[in-house]
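Down below are the structures I want you to see.
Look for chain A in each of the two complexes below; its partner is chain B in the first and chain C in the second.
Let's turn to the complex of A and B:
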C-alpha cells in the first residue's frame, strides 16, 4: 500500500505526450524519437563497421562483424540451417534494433524502453507474421496454409480438433504472443526499476530521517542496482527470443511438414 | 577487473535512475489535469458514489495494450529505414569482408597444409638421400678398406718378393764375389805356384802341362 501510494499514475510511466504532430496519427512522441535514435545508432555502428575492411578487425569493425557473426551462428544457422545464412541481414537488423530500443530502459535520463509500449512490438510482430506467411506462400504456394495446420500422422478423427488448434496457434496467436512477450517483459522491467528508483528516492532523499529509514534505505538502492544489471540481460534476451522465434517461424514456412 | 567495471557502471546507472526518477517520468499535460478538475467539478453536486466514479474515471489509466497508431507508424518507419539501409548497404559489405577473410584464412590454411605436406615429402626425400649417402659412404669405406687391405697385402707381398730378390741378388753377388775372389785367388795361387814351380823345376815342364797340373791341384784344393 505504501509503495502503491508512492507510485505515480500509470499514465505518467507509459503515456508520453506528443513532441510534434499534436494528437494526430502523426503524433511524434518520446517512443517514436527513441525508435529513430535506435535506427541511427544501428546504422552508425554497422555502416562504420562495414566501411573498414581491415584483414584483422578492430574497434567498430570488430563489433559489427562479431554481432553479424553471432546472429548468423546463433539465429540463422541454428534455426534454419545453412540456407538461413541468406536471412542473417534481416535477423541481425531485427535483433540489434530491438536491443537498442530495449536498452533505453537503463540509459540515465531516458530510462524507458520504447518496447514497453505495445505499438512497436506489435508492428514488429506483424512484420514477422507477414514475413513467415509470405515465405510460406512463395515456397509452397497456397497449399502452405493447409500444410501448416494439418500436421502429418494425425488420425482423421483428431484432425477436427488439431486443425483448428493449429490454425489458431500458428496464424492468430503467433503475432500476438511475439508482441506481448516483448512488451510485457520490458514493461515489467520498467515498472520494477521505477518502483525501486522511487523507493530509493523516497527513503534516501525525500524522507531521510529516522533510524528505520537509515537501516532500510540502502536495500531498495541495492535492488535498483541489481535490477539495472538484470534489465541489460532482459534487453538482450528479449531481442534474441523475438529474433529466433521469427527465424523458427520462417524456417517452418519454408518446407511442408512430412 | 571486468566485474568491478560492470559494478561501477551498474552503480552509476542506479544512482542516476534514482536521481532522475522524477525527471524521466512522463507526466500528464497541464491541459489534461485541468480537464480532469473540470470533470470532477461537474460531478461535485452528484451523489458520493457518482462523484468518486467520475474521479476514478478522470484518473483512470489508459489501456497499456491498446496500441498507439502513431507509434506504430513511426516505429514501423524507423524499422523499415534501418532494415533498408543495413540490408542494402551495410550488411552486404560486412558479409563480403567476412567472406574475403574466411577465404583468405582458408586459402592460407590450405597453403600451409600444402607447404607442410611438401616439406614432409622433401624431408622424406632428404632422409632417403641421407640414407643412400650413408650406405654409399659405408660402401666406399668398405671398398676403401678392402682396397687398403689389398694394397697392404700387395705391398707386403711385393716387399717380401723384393726382399727375397734383394736377398737372392745379394747372395748371388756374394757368390759371384766369392767366385771371383776364389778365381782371383786361384789365379794368384796358380801364378804363384807356377812361378814357384818354375823356380823349382825350371824347364822340366812345358807351360801347358804346368797349367793343367796347377789347375788340377787347385780344384782339389777347392774341394
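Let's turn to the complex of A and C:
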C-alpha cells in the first residue's frame, strides 16, 4: 500500500521524451538511441574481431570467436543439426543484439532495457515469424501450410479439432508469445529494480514518517543488489531463449513431419 | 462470476482494481510455477542419470521453461491492462 503510493504512474517509467522528430510516429527517443548504440557495439566487436584474422586469436578476436562458437554449438547445431551451421550468422546477430539491448537494464545511469517497450520485441518476433514461414515455403512449397497444421497419424475424426489448434498455435501464438516473453521479462525486471530503488530512497533519504526508518534501509538495498545480479542472468537467458526458439521453429519448417 | 467481478472493480475504484489485477496474476502464476518446477526437477534427474546427455537435456529444458513461462507472463501483462 505504501509502496503503491510512492510509485509514480506506471507509464512514467516507460515513456521517454522525444529527442528528435517531435511527437509523431517517427519520434526518436532514448529507446531508439539505445538500439542504435547496441548495433554499433555489436558491429565494433565483430568487425574489429574479424578484421585481422590471426591463426592464434588474441584480444577482441578471441571474444568474438568464442561468442560465435558458443552460438554455433549451443543454438544452431543443438537445434538444427549440421545443416544449421549456415544459419549461425543470423542467430549470432540475433543473440548479441538482443543481449546488448537487454543489458542496458543494469548499466548505471541508463538502467532501462529498450526491449521493455513492445516495439523491438514485436518487430523481432515478426521477423522470426516471416523467416520460418519463408523457409517452409522455400523448402516444401505451398504444401508447407497444410503439412504444418496437419500432424500425421491423427484419426480423421480428431482432425477437425487438431487442425484449428495447430493453426492457432503455429501461426498466431508463436509470434505473440515470442514478443510477449521478451517484453514481459524485461518489463518485470525493470519494475522490480525500480520498486527496490524507490523503497531504499524512501527509507534512507526521504523517511517521511520518522528517522527510525533509516535502520531498515539495508534490506531493500540488498534486494536491489541481488536483483541487479539476477537481471544479468535474465538478460542472457532471454536472448538465448529467443534465439533458440527461432532456431527450433526454422528447423521445424525445413522438414515435413513423417 | 465475471459480471460480479466487473461490478466490484467498477465500484471499488482504481487502486483496488489494480489489486484485483495482482490477484489475477497470482492465480495465473500457480500453474506455470508447478510446471517449471516439474520440468527442472526431471531435467536435473535426467542429467544426473546420464551426464553425457546433459547438453541436449539443458536445451530442451530451456525450451520447456520458455513455453510454460509464457502463460505466467501473459498474466503479468494483463495485470497492467
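Rule of thumb we're sticking to: the second predicted complex is superposed on the first by the 251 of 258 C-alpha atoms of A that agree within 3 Å, B and C clash if a C-alpha of one lies under 4 Å from a C-alpha of the other, contacts with A are read in each partner's own complex, and residues count from 1 in each chain.
The rule we apply is simple: a contact is a pair of C-beta atoms (placed from the backbone, for glycine too) under 8 Å apart; a residue touches a chain by one contact, two chains touch by 3 or more.
As the structure is a prediction and not an experimental result, all values here were calculated from the model.
When both complexes are superposed on chain A, chain B and chain C end up sitting side by side without clashing.
By the document's definition of touching, neither partner reaches A:137: not chain B, not chain C.
Of the two partners chain B and chain C, more residues of chain A are touched by B. In the superposition on chain A, A:60 contacts neither chain B nor chain C. Figure note: vertex chain A, arms to chain B and chain C, all at CA centres after fitting on chain A; angle 110 degrees, rounded to a multiple of 10.
By the touch criterion defined above, A:162 reaches neither chain B nor chain C. Of the two partner chains, chain C is the only one touched by A:177; chain B is not. Judged by the touch definition given at the top, the superposed model places A:256 against neither chain B nor chain C. In the superposed pair of complexes, A:236 makes contact with neither chain B nor chain C. Minimum Cα-Cα distance between chain B and chain C in the superposed model: 6 Å.
On chain A, the surface patch touched by chain B in one complex and by chain C in the other comprises residues 10, 180, 183, 187. Chain A contributes residues 4, 10, 74, 78-79, 177, 180-181, 183-185, 187-188, 237, 240-241, 244-245, 248 to its touches with chain C in the complex.
Chain contact summary for the complex, chain B toward chain A: residues 6-7, 10-14, 16-29, 59, 61-62, 64-76, 78-79, 81-83, 85-87, 89-95, 97-98, 100-101, 104. Residue ranges on chain A touching chain B, taken from their complex, read 8-18, 21, 24-32, 35-36, 38-39, 42-43, 46-47, 49-51, 53, 55, 57, 61, 64-65, 68-69, 88-90, 92-94, 97, 106, 108-112, 114, 117-120, 122-124, 127, 180, 183, 187, 193-194, 196-198, 200-201, 204-205, 221, 224-226, 228-229. Contacts from chain C toward chain A in the complex involve residues 15, 18, 55-56, 59, 62-63, 65-67, 69-70, 73-74, 76-77, 80.
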